[in-house]
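Across the two complexes that follow, chain A remains constant while its partner is chain B and subsequently chain C.
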Partner chain A sequence: MLLKDIIEKLELKVLNLANQDIDVKDAYASDLLSDVMGKAKTGQIWVTLQTHKNVSAICSLKDLAAVIIIGNGKPDDDMLEHAKLEDVCVLSTAESCFDICGKLYGLIKSEV
Partner chain B sequence: MELSFKIEGGNFSGAGSASSEVKRTLKQLDVDASQIKRIVIALYEAEINVVAHAFGGKIEVKISADKVFARIQDQGPGIADISKAMQEGYSTASSKVREMGFGAGMGLPNIKSNVDVFDIQSVVNEGTVLEMTFYLS
Partner chain C sequence: MKFKADLHIHSVLSPCGDLEMSPSAIIKEAKSKGLNIIGISDHNSTRNALVTKKIAEKNNIFVLCGAEVTTKEEVHCLCFMPDENSLLEFQKFLDSKYVFFQNDPNKFGYQLVVDEDENIIDEVDTLLINAIDYSIEDLQKKVYELNGIFIPAHVDRPRFSLSSQLVFIPDNLKYDALELSKYAEQTGFLQNFPWFSPNRFIMSSDAHFIPDIGSVYTELEMKSLSFEGVRLALQNLKIR
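Coming up: the complex of A and B.
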């Protein structure tokens, strides 16, 4: 499903828009940055509660489609600045990790 | 081609900038995407290790047609027991570093599984030198 359709259906708050026409087929949920660095794959959406600049650095280095920050977390200013420079899509939601992952799974995996 | 970068210990905000610069260069040189991926994972982890544990350090990267060589040297506490540090899950990171989602004890194992030749030398209270080679063919 296209990232822009996922954003609309899950009513995600857009903090920095990029990659909206990427066809997203998978996602990865983790708060350990080395875990994401080692195991997340190009084009995935990353779900996390982390909000610092290294999150956007990893999105950019790993060519992830977007990051969704859970629980209404607010990214640090330098994370958003970096995201704008590097075209990293930053989204947020008030939902918990479990709830947003469940909904995301339903949307993406129902297409596969 | 040779690139070199300084790393400042404790500066998490600057972490990853050397890895992004190397990624950009490798892309411009048309290096295969799967090769770039593993080089970037290893280099980023090495960069984070210096930021999280050392006072400062430098990264030197040599790119040639058939391989990429990286040497990361830091001034810091060193690693007392390298075989322990290589075990997944073992970490001496501070609680501040762990709160950021680092220090899960996955850095060195992540590096090792992405490089072709791996060498680490460390002297306690002096620092650590990590050398990594990636063959491109």
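Coming up: the complex of A and C.
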């Protein structure tokens, strides 16, 4: 499913906009950046509660489609600055990790 | 002159610290291990540091007073204060940043503040191993505002470390040294995370039990024992 459709269907708040026309087929949920660095795959959406600047750095290094920050978390200012500079799509939701992952799974895995 | 320093020791104030880790027992063990400098670094609290320093002075051991703070990213950082006033100020700051969670001593362990004679004078309510509501960069700024020493702890560990939580050292983060655990060599940390080099590293025990005190240590080259001397010695550590 296209990222822009996911954003619309899950009513995600867009904190930094990048390429919305990516076809997203998978996602990864983790709050350990070292774990994401090792295991997340290019093109995935990353779900996390972390708001540090390095979140954006890892999105860009791993070429992730977007990061969704859960629980109404607010990214640190320098994270957003970095995301703008590197064209990282930063989204947020008020929902919990479990709920947003469940919905996301329903959306993108039902297509496969 | 070379001094043996183990800058990461927990007391009975840390819930995970053994109940034998009283200030006097820590000093006795440090002395028997030939340590000259120790750091009292309980989780998120400094409240057993001064009493340990008092006992240590009679035993010719220099104590760095501080805490091992868990930032909101869940990175453990050693923070040491230069004097009593800044230590109290730092404790006040920590008090204002706790996210309260009632400690259950049966599950997590006791969090005891003690005096020189091992009397319990207080028990801390809020669980000290939780993260405080403050980022690593802001914590470092706070420590430097108070003229303290800042050392990200056990950066090689797969939990609660700079490498596990943030992968990279944030480019605006300042520090006096990075701490390696005793496992760093066997896990090949610097080969696996080559971007942590070149840097200045200390190694400390992170002792929670008496026998672990001084199990690893760092040799610091100093003229005499003082807080500024330690800071300078850290700055002069060999880069690796």
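Structural remarks
What we mean here is this: the second predicted complex is superposed on the first by the 112 of 112 C-alpha atoms of A that agree within 3 Å, B and C clash if a C-alpha of one lies under 4 Å from a C-alpha of the other, contacts with A are read in each partner's own complex, and residues count from 1 in each chain.
Basically, contacts are C-beta pairs under 8 Å (C-beta built on N, C-alpha and C of every residue); 3 or more make two chains touch, one makes a residue touch a chain.
The model shown is predicted, which means the values in this text are computed figures rather than measured ones.
Chain B and chain C, once both complexes are superposed via chain A, clash. In the superposition on chain A, A:Leu33 makes contact with both chain B and chain C. More residues of chain A lie in touch with B than with the remaining chain of the pair chain B and chain C. Shared-chain residue A:Gln44: touches no atom of chain B or chain C.
Judged by the touch definition given at the top, the superposed model places A:His52 against both chain B and chain C.
Of the two partner chains placed by the overlay, only chain B lies in contact with A:Ser60; chain C stays clear of it. The superposed model built on chain A shows that, among 23-31, 41-49 or 59-67, the segment of chain B colliding with chain C is 41-49. Across the superposed pair, chain B and chain C both touch chain A at residues 32-34, 37, 50, 52-54, 57-58, 78. Chain C meets chain A in the complex at residues 73, 135-136, 158, 163-168, 170, 172. Chain A makes touch with chain C in their complex at residues 32-34, 37, 50, 52-54, 57-58, 76, 78. On the side of chain B, the complex with chain A involves touching residues 12-13, 15-17, 19-20, 23, 37, 40-41, 44-45, 48, 100-102, 104, 106-107, 110, 113. Here chain A touches chain B in the complex through residues 31-35, 37-38, 42, 48, 50, 52-54, 57-58, 60-62, 78, 86, going by the rule given at the top.
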